[in-house]
Every structure is written in C-alpha cells, then in structure tokens.
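Below, subunit A partners subunit B and then partners subunit C, in two separate complexes.
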Partner chain A sequence: MSSRTRPRRALRTEHTPQAAAADADRREKHPLVWLETNTCHGNILSLLNSQNPDFGVLLRELLDLYWSNTLMGAKGFKSIDVLEKVMVERAGEYILVVEGTVPTAAGGRYAYVGLRGNGEPWTVTDAVVELAAAAKHVVAVGSCAAWGLPFGAHPNPTGSKPVSAVVNQPVINVPGCPAHPDWIIGTLAHLVWYGIPELDAENRPVVFYGETIHNLCQRRHYFESGIFAREIGEPWCLYKIGCKGPVTYADCPSRQWSGEHLNWPVGANTPCIGCTSPEFLERTAPFFEHLPDVHLPGVRVRPNQVGLATGVATALGIGLHLAGSLLTGRLQKEWKKGLGKTGSKFRLKRK
Partner chain B sequence: MAKLRHPLPVRLFHWLLVPTMLVELVTGFQLTNFSPRWGLRNVSSAKKLHFAAAYVLTALFAAYLYGRNKAEIVPERRDLGSRLKKFLAYELFLTPKKPEFPKYNPGQKLLYSLWLVLIPFVLLLGWLLYFPRFFQKWIHLFGGLSNVRRLIYLVSVVLTASIAGHVYFALTNSVAHLKSIFTGRT
Partner chain C sequence: MTTDKNAGTRIVINPTTRTMGASQVEVRVKAGRVVDARCGATVFRGFELILRDRDPRDAAYITQRICGICPTAHATAASFAVEDLAGIRPPHNGNLLRNLIFAGDLLQNHIRHFYLFTVPDYVRVPEIRPLTPPSTTDCRLPRAENQRLIDNYFQSIDVSRKAYEIDALLGGKAPHPHGILPGGGSVPVTAITVLNLLSIVKTIYRFIEERMLPDVYTLAEHYPEYFEIGARGVDFLNFGLFPVDPEASAHHFPGAAMIGGRKEAVDSGEISEHLRYTHFEGAPVEHPSRGDTRPNPDKPGGYSWAKAPRYRGRALEGGPLAQLWTCGDYRRGVSVLDRLIARVLLSREVAGLMRKWLTALKPGRPVFSHFQVPKSGVGVGLTGAMRGPLGHWLEVEGGRIKHYQIITPTAWNFSPHDDQGGPGPVEEALIGTPVADPNEPVEIGRVLHSFDPCMSCVAHVIVVDRPVPDRVIVF
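Now for the complex of A and B:
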C-alpha cells in the first residue's frame, strides 16, 4: 500500500474524545528539531524504516521538520540560520529531539554544529542547551542521548554526557540502540496530541518500556522448564548465554522489528543485549555472560570467578583448620570431653 | 543443672532458619545457573521454592532483628583488640591454650554481626527483584536491575562461604555449645 492511499488516522493511537478534539488542530503541524550530536545516526535511520505510518506521513500530517543533520538539503549558514530562527520564532512550541551524547570536555570543542550567523563557532553542547531552553519538550532518542553510552564510557576523553545531564528542563528518554521507530513516533505523537506520556523512574514512556523483555518473551516457557541454549543460534531460552531480557524494559518481543514487525534478536536466536537499560554497555558487559563483570582495582573478573575463588578459599581454610585440629589432637580431645560429659549413649569407647 | 545458653526462642529461630536459609541459597544459585542435577525438575519449581523461602526468611529475620538482644552479638572494642588476638592465636595453632570468652568468641560475634547486616540486605535486594516496578527508584539507586542481580549473587557467595565456616566451627569447636543449640543447656 502506498503512503498516498493511507488514511489520515494512521497516526492515531486511540479513538478517544481527546483524539476527536485533537482532530481540529491536526492540520497544524508541530515544529520539530532533530539535532544529531555524537551519534552513529542509527536512530534517524531507524525512524526512516518506519512503516504504518511511514516517515512521509509523519512529515505530511504530524511534524514540521525544521532541522535534521542527515535529511536536510541546506548547508552552512543557510541551515544554521534555520536553527537560530526556530529558537526565536517558534520558542515554546517546538519539540527538540537530540540523538547522541553531548561532548562537554574542552569547552565543548569536540563537536560543532557549524558557524553561527555572527561567524562564531557553535558547539554542540551550547546548541543543545540553547535549543532545549526554548523548546516545549526535549526528547533524548537512542541510548547515547538517554544514557550517555558508548561515547561516555571510561575513560570518556570527550566528557560525553546524556542530554539530561546538560539541559535544565525535564528530558523524555526514548532509549534503544537504535530506538524502535514506533517508540519514537509514538512518543512524538503523544507529545503533540496529549502531552507528556506516563514515564517511569528513568523517564521512559511506560507504554513502550513498561514491562521486561523476559516477561513478554515467547520463549519464556523454555526458561520456566529449564530448556536453555548453550550457544548462539539455538532456538531455546538464551538466559544462560547472557540474555539481558530479565533486566531490560522494552516491548521488543511483542512489537518486533524490521519495518514489518518481522522479528527481534531472541527470535533470531541471539540474546537481548539490554540496550534500553540505563546501565547499558559499560555496566552490563559482556554481552554473552549472565552477569556483568566485577570491576576490582586493576582487574575485571566474572562474578562466577569470584564465586569459584571464594569456594576454593573456604574449602582450603576449613580443610587446613581441620587438619591442624586433627594433628594437634584438639578435635579428638574436644569430642571425647564433650561426649563424656553429656552422658550420651554415643560415648566413645575408652577401653 | 547446666546453665541455660540458648533460650527456646533462639533455638526455634535457629532451627527454622537452617532449612529456609539452605533452600533459599540452593534455589537462588539454581536461578542464576540452573541444572537438573540438583534435584529440581525445572526453573519454575526453583522459583516457587525460592520465593516461598524468602517470605519465611523475611518474617523470621524480622522477628530476630526485633527480638534479639544485640549486645551479646555485636563486638565490643575488646573483641576487636585483645580478645581477637587471643582468639586468632589459638585458631591459628600458635598457642595450645583455649581462651575463655563471655558467651561468643570474637569470631562468632563478627560472623553473627555480618549476618545481622547481610541477611536483611540480601532480602532487600531480593524484594527489589521481586517487585521491580514498585521499587523503581530503589533499583535506580542501586545502579539498575543488572547491578542488583550481580550484587545479590556476590552477597550470596559471601553468605554461603560464611555459613560453611559456621557449620564447621559449630561441629568442631565445642561439643557443649553444639549440644546447647539443641537442648538449650551446655
């Protein structure tokens, strides 16, 4: 079906009175600025893969896209001019989407948007702060913008931070690596039509991030029955090879990916890597281990190595102490004395 | 008649604690790395046992925390100084003379105090994992769900090792004390 024949309400999520009321000003498109910072552009590409509604419908019916590093045709002063104008002319109206981390080290000189009208270089950090200050809503799309990784991973030379750490207004996080197109469109549509959606403690919309992958997983019965994959590629529960489903909130199992909602990582026999979690990447690594590494001074160890080492040390300690007690005769003496005094029938024979 | 060492409530607590703690730990380790070799049919039954034991354990430990006179358990200054030195000298076979202590030796006091902290802590972590949406803010404070999961594993390792040590010393250190945890009297 081409987007031309698709009905207008393709974007509508519910048939409610509010939705009907919103129909009136539906014609008025909502200004949007999509600013890419330290990013792989994966989230805008994910959005472009959207179907029902596709990106064209989004632009025709919902959003007035003022700026997108990836999609715009304008360059240089012509494009920066748009950013500077939108801050003034549509102040308090536009949604600012930031995709990527914000590099704050060295006065933000790790990344520039370009030269401002006055010829001054405009750092990404300054642009995010200024654009956010005049925005109606600020949305951090993708796990970089929401949580700051991987650019903000140690040792983090660029001083990269998530959007919420650099702007003063509340930030709605739409994490994912990349974020699912539905999560992005759903959040934007909700903002336009109904305002801020219900958010969880990490500021993620509960509609999309309200349940763990594990609880929605089609392979849950394999988990309960103890049928586990030992290697990637096996069609069972991937828990033992590091699936982060139990500690990750997202609706991937029911929503599914690839435009037509075809499949998702576990469906392709590879574990969930937990990309929507705030601790994603550095504090969930390695991907294919059940528990994240323990960072001790100077070394990184697996938790089960800690378990094994503790077990060995305990066994050794008890073994050595037992040997000492036997060799010095302490143990024999104690038990002889003890049994002698208790009047127990299990008295050690004396003669 | 021999002196009363453990009043009935403490003994009751102890012998209820032993099976629940063992079930909790064994099923807990089953949940991180399930294997049917341990006698459970599947993860589902491990989970049921684990949660049932958690309820009992929480009630039991709440009662203990509320009712137990902690002065007998928490180490005094001397327990970490002169008494500890005497205790270690004997346990490391540096001296043959068995030292006398008021009720518990410094090793026991340290161990029981460790549990006084660690068992409520591990129970808290368990409840966070059990009601993750209700405890979102707490989980955030603890660095996220995967961190809570790692923490509960590491604390359980420490608990298991320390319980092994406890059982070893209970069986070898003093028959009179061992008897007292059953009968109350030495």
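Now for the complex of A and C:
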C-alpha cells in the first residue's frame, strides 16, 4: 500500500463530521482507476455483487475509486479532469483496472473515453496506454481485457486486442465473463496489502485459476462413473452436452456465484462454457457440443491432440474410464501448454 | 462555447457518465432553452458480425455479452427467436423460470439505475469517490431527506445484489446467467428453491415499497418542474414483457404501439432502420430482418454509428413508462419524473408478479423441452426489456446462423435523426429543456438519465471523427 501522504485540494460538498471521517478514511485507501473500454460492463456489475465486504464498504475502506464511467458523479469535462489529474498526481501509485477489449481497428475510433480537456476525443486505446504508463499495477479484469475475447471473436470487427498486447508493462489477468467478485477484490486486496500475487504462465492469480473446473467439480464422480446428462437440466456430468470444464481454469465449483456463493453454471445443470479461457467463444463454442467447432470460416483451429483424442474417445464411445484418465492426466497438461498465447505478451515473474 | 446570434450556444457533454457505456450529447441552447440535440454513443462492437456462422443455440449465451446490466433480456429474445425457428415452446415451469431470472435481472437493473445512476443528479453526495466530484450543486433536499437517500444509495447495493441471488440460484451465476435457454430453464423446482426465492423477493419488494417509492416521490416534491422537463408526446413502443404461459398467448405487460396516444397492435413488419445519418452502408431504409451491418467511418453525410429504428416512420420511446402506460397502470404524463416514477412502480409490480410465479411452479414437472435445431429457416424473438422493446431477427442456413440482427431499446430511445431529419426520442425530449447555466448543464443529464440509456446495447454508434471546435463548452 502506498505510504505517500499528499496534500491535495479537497473537493468538499459539505463540512460535516461524517465528511471528515470519510476524509480520514481516504488517506488509508488505495487509489484505483476503473477504465471501461469496449465492454458490456458486466465486470463492474459483478464487482457490485461483492458481499463480504460489499461495494459500499470497499469504497469507504479499501479503494479510492477515482474513475468509473458507470458510477462517478461528475460528467463531461469535470470527469475527464479527474482522469487527467490522477495520472499526474498519483503517478506510480494507482492500480489501473481495465474492463473490456482494446479496439484497435479504425485507428481506435470504435471506443472513446470522452473529450479531453483540450477538446480532443480520447480513444480508449490511447487512454489505456497512457494510464498504464503511470500506473503501479495494471489489472485486466474480465475475459475481454485479459484475452481480447469474446468481442474479438471472429471476424473481430473492432480489431479487439487484450490489454497486454498494447501496454508496455506486465498485466495481471483476472479473466471471466464476467469475473467473479471475489476474483476481482481478492486480486486488488492482494495488490494493496502484499504486492503481486503468485501468477501462472498466463499471468492469472494461481489462487483463483490454479485448477481446472473439471478437477474441482462436484460431479466429477459421475464423469468417472460414466454417468452423463443427455440434455440440459439433468443433474449428472455435463461433459457430453458441451461442458468445457476439463479445459477451463477457474474455481467456480468451490467458490460458487455470486457474492453469496450460491451456485454455478454446472450446479444449474448447464454446461461450463469456458468463459475464463483464453479460447472463450472461439474454441469453447459451440457451447452445447463437446468438441471445438472447426467449421467456422476464417477461424483456424489448430488440430489439437486433446480435442481429437477426447473427441475420438467419446465419438467411439470408448470406455469412459479411459476418456476420464486421458482428460485428467497427461492430456490435460497438453491442453494447458496448448492454450493460446493470446493474453500475455509480457509476463510477470513468479514470486 | 460557440455563441452565435442565430445558432445559440453549443454544449457538448462527453462522457455523459452513469449511462452504461460512454456517450456524447450535443445540444444547441438559445434563450436559455435547448433548440437542437444530437445524441451518440461512442462505442461500436459489431455483434451481428460475430454471430454469423455460429450454432443458433449459442445465441442466447453470446448475445448476453452485449450488455452486462440487461443480459437476460438478450437471452430471452434469442431464446424466443430460436424457439420460433424450431417451432417449439418451453414447458410451463420453463416459462416461469425464465420469467423469474429475467425479472431478477430487471429489478437489479432498475434499483441500480435509480440509486446509482439517477440519484447523484439530485442529492448532495458524501465526500467519497467516485461520487465526488459531484454532478451538481442544485441540491434541494433538506438535510434529513438528503441523508436518507444517501443511506438508501448504499443499501441499494445490497438489495440489487439480492436480486441477482435469484439469477444465481436459477441460472448459475450473474451477470450472464445460464438459465435462460431456447427450450426453457434448467433448474428443477423444489420446495427449498421456492422458499429461498420467496424470501429474497419479499426483501426486495419491501425495499421498493418502503424506500425506493418514498425516495422517488421525495425527488418529485423538490424538483416539480421535472414533470414538465423532458416531455414528449405519447409515442411508445412495447413488445410483450413476461409471457403468461408457454404459448405467450398474452403478456403481463402487453405489447402495443402508442402513436400520438392511440393504441394499436405491434406489427413488426412496420419496423425499419434508417441509415441516412449513420456511418453504415446499405439501403437507406431496411427492415431489420434484411438490414446489414457494414460499417464505414468515412461515409459522406453520416454523423452517427447508431442506426435510427422507426415504426411506420415514427420515433417511438420504450421503457417502464411505456410499459405501464400501455396497460393503463400509469397515465399522468411523459416527462423526466414520470419516467423515474414509472420505473419504481413497474419494479414493484414485477416483484409482486414474481411471488405469483413462484407459487405457480410445479415440482416434479419438466423445465426444459428438448428440440432439434432446423437446418434452415427464420426466427423472430421480440420481448419487452428494461429499457423498452428488444428484437432479435435470426436466419439459419445449413444449421448455422446466416444472418442475425438486433434492435435494442436504447437504439429506439437514443436514436439519431431519421431519413426525414426527425429526431430520436431522447433528442426530442431534450428540445425545450431549460439550461440555467451552460457551464453546469445538469438539466441535460437529468433528461438523459431518465431514459436509462445503455450504450453497451446500442452496439453501433457515433464516432467523433472531427475535432470539436475549441470554443464549444465541453462538459
């Protein structure tokens, strides 16, 4: 956490004891900029689903949220002024969270932050680069920011890229569509209190993305026993109707959604669609088929040993135990290795 | 500021903030009133292009990704479109489960819209970022009432999360729940689920009744001129919201077009998308089932990335006010406050309906209808949504999506000028709005937010491709 104290002009609207208390709190809080680029805003809404602590407490006690287009009071020039000032006044201190892809087509003209103080339009592409340069940490929240998907899915009309492809420093990826509120606040709290968390090869915090859905799944024993759901709504293993749990890294089965940890997609008898995966949409769709779709024109799905092996195994109805051991053992490692390099042009060193 | 005797003062607000997604509003003010308005969002994504060649069953999940605050509306429209294509219906339980998930999302949306996006336009906010710097200095509430709204602002975060508990329980997660599918729902009906949900709905109903409703009336009491500001004619469009049965023989909020106050049945063949003032190439006026998304930032004469949908050539408004007006539950007027009050009243009605749906669920009965996707054909999915009418048009060939077109509520509300130069609903509502201080045009933000615009949904929008003259007031 930053120890810097900074005399700054107060933008008070009322001088009350409550305001003073809030002021005292603020000195302890960590500056945060939440930049929404080419996004559905599902991640800021997911953050609002945080329960312990809830979002109000986060704002009062942990995070000094300078900018969020969705939530901030100011508009127009006054709001852009906040963003332009934070880059200078809190340079090297703030965490930059980016939610959304970085659209690089048409010179970045597919998404704007707003008009700068000088009246020039500010593309999100320029803003991400500029804000990242002065940030202490850059966090890509959601699969859009982490992997450039799903908006960058074929034919990628906006030339969408992940944050890591456009900035010149390491990016911590917190993927998901959306990311679970715990993944977001857990990563932010770790950064504030202890620094960079342990990351995997794709720069994801290991604590949340260290294991596959399949390995954590409550229905794993049905898979092992060869008891498969044949349609939506059945309470057994959903592998045959499209579950991407075997190739998806996240702790949904144990953490559960949302802030209250109530349920998760497989718990609702629907297949995992691999939304945290770098291959989300491209190789995790069709969602209700158990093989990557190789028929999309223009999408080059590299022949993948695992996809073929599991496909053949299941297509031939080969002993389900065999398929199981294939998936859980050697082949899973291959998948991990085979996962695209979409998200991480620059890598962080593991701690 | 460009001040010119004839043209008046030009004000540009960009970003508008507290809309879902970045947007720009540009108005011309003459003699203290807005005389001309142009609205645009500043994001383009081209979802229809991404959907091409995919499995039609995936559309319900993929289109949710258009919008994080109303994903279930898209899932519902896409499910209707695929069911229309396949000629199937969900079972009784499936219809109710989908209604419940959609309604949970709708309550989340309206509670968050009212407190997080609207209230900061009126109250004195505490010294907590990002509420500060504040939106306005025109704060009229007495101290105690102001504090009550602030307390409820923070409580609304908890309550809106509770609304999403419904979606997590029935759909696995939220936003972007999995429980709305072509064919129905996915979670079996059990007593414990019904009991959990009844308890959650009761908490939300109480919050709406005891907090939200008094709060919106407090705003009305202290800002009465907003019953006049943001006014426009009774020109509404609804698609039916919440089917009463699997056959959708009727809707709890029925579909209808109101043109100049006259009600008529919706004929979706009368919808067209105007392209003249947009950056899209294609026939200037097209029905959405034929409409094509071919972006061209350099198209001469285009000023917006938003297509302009029209119903028989008219710009129609959607949202809670339109939904309540059509079924006769609210008829006071059309203005900023009417829109806000209608949003709260509708939320209360929906929470009430949810209790009925929960008690109508039948344990042990199916929730999902199995079906085969036809190799080719067309399907239309129309539904009411949080912000108004939502339509998905689907064409399948060789078992794959050949053409997908979406018209979102915000495309209706936030639309640019049409081919005849007629303004869209927000633009029209802005015209005549008094602006006391061009340096703090809070009135414009209030009119804009009353529509709850969602730029995520518009998906095709304005690109500020020319520098703004430097003497314009840029807000």
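As a working rule, the second predicted complex is superposed on the first by the 267 of 351 C-alpha atoms of A that agree within 3 Å, B and C clash if a C-alpha of one lies under 4 Å from a C-alpha of the other, contacts with A are read in each partner's own complex, and residues count from 1 in each chain.
In this section, a contact is a pair of C-beta atoms (placed from the backbone, for glycine too) under 8 Å apart; a residue touches a chain by one contact, two chains touch by 3 or more.
Note that the structure is predicted; figures quoted are calculated from it, not measured.
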Next on the checklist: Looking at A:Gly186, would you say it contacts subunit B, subunit C, both, or neither? Reply first, second, both or neither.
Outcome noted: neither
Checklist entry - If you stack the two complexes on chain A, which partner ends up touching A:Pro175: first (subunit B), second (subunit C), both, or neither? => result neither
Item to check | subunit B versus subunit C as contact partner of A:Pro53, first or second or both or neither | outcome: neither
Item to check | Between subunit B and subunit C, more extensive residue contact with subunit A | outcome: C
Item to check | Touched partner set for A:Ala106, first subunit B, second subunit C, both or neither | outcome: second
Item to check | Touching partner for A:Thr212 - first (subunit B), second (subunit C), both, neither | outcome: first
Item to check | subunit A positions touched by subunit B in one structure and by subunit C in the second | outcome: none
Item to check | In the complex with subunit C, residue positions of subunit A that touch it | outcome: 10-14, 18-19, 22-23, 26, 36, 38-46, 48-51, 54-56, 59-60, 64-80, 82, 103, 106, 109-115, 117-121, 150-151, 153-155, 157-158, 177-178, 231-233, 235, 252, 257-260, 262-270, 273, 275, 281, 285-289, 293, 295-297
Item to check | subunit B to subunit A touching residues, read off their complex | outcome: 32-34, 36, 41-44, 47, 91, 93, 96, 132-133, 136-137, 139-140, 143-147, 149-150, 153-154, 157-158, 160-161, 164-165, 168, 172-176, 178-179
Checklist entry - How about subunit A: which of its residues touch subunit B in the complex? => result 200-202, 210, 212, 223-226, 228, 240, 244, 246-248, 274, 277-279, 283-284, 290-292, 294, 303-304, 306-307, 310-311, 313-314, 317-318, 321-322, 324-325, 328, 331, 334-335, 337-339, 341-342
Checklist outcome for this item: Residue positions on subunit C within touch of subunit A in the complex are 12-18, 20-22, 24, 42-46, 49-50, 52-55, 57-58, 61-62, 65-69, 71, 112, 116-117, 120, 124-135, 139, 154, 157-158, 160-161, 164-165, 168-179, 181, 183-188, 295, 297, 366-368, 370, 400, 445, 456, 463-465, 467-470, 472, 474-475
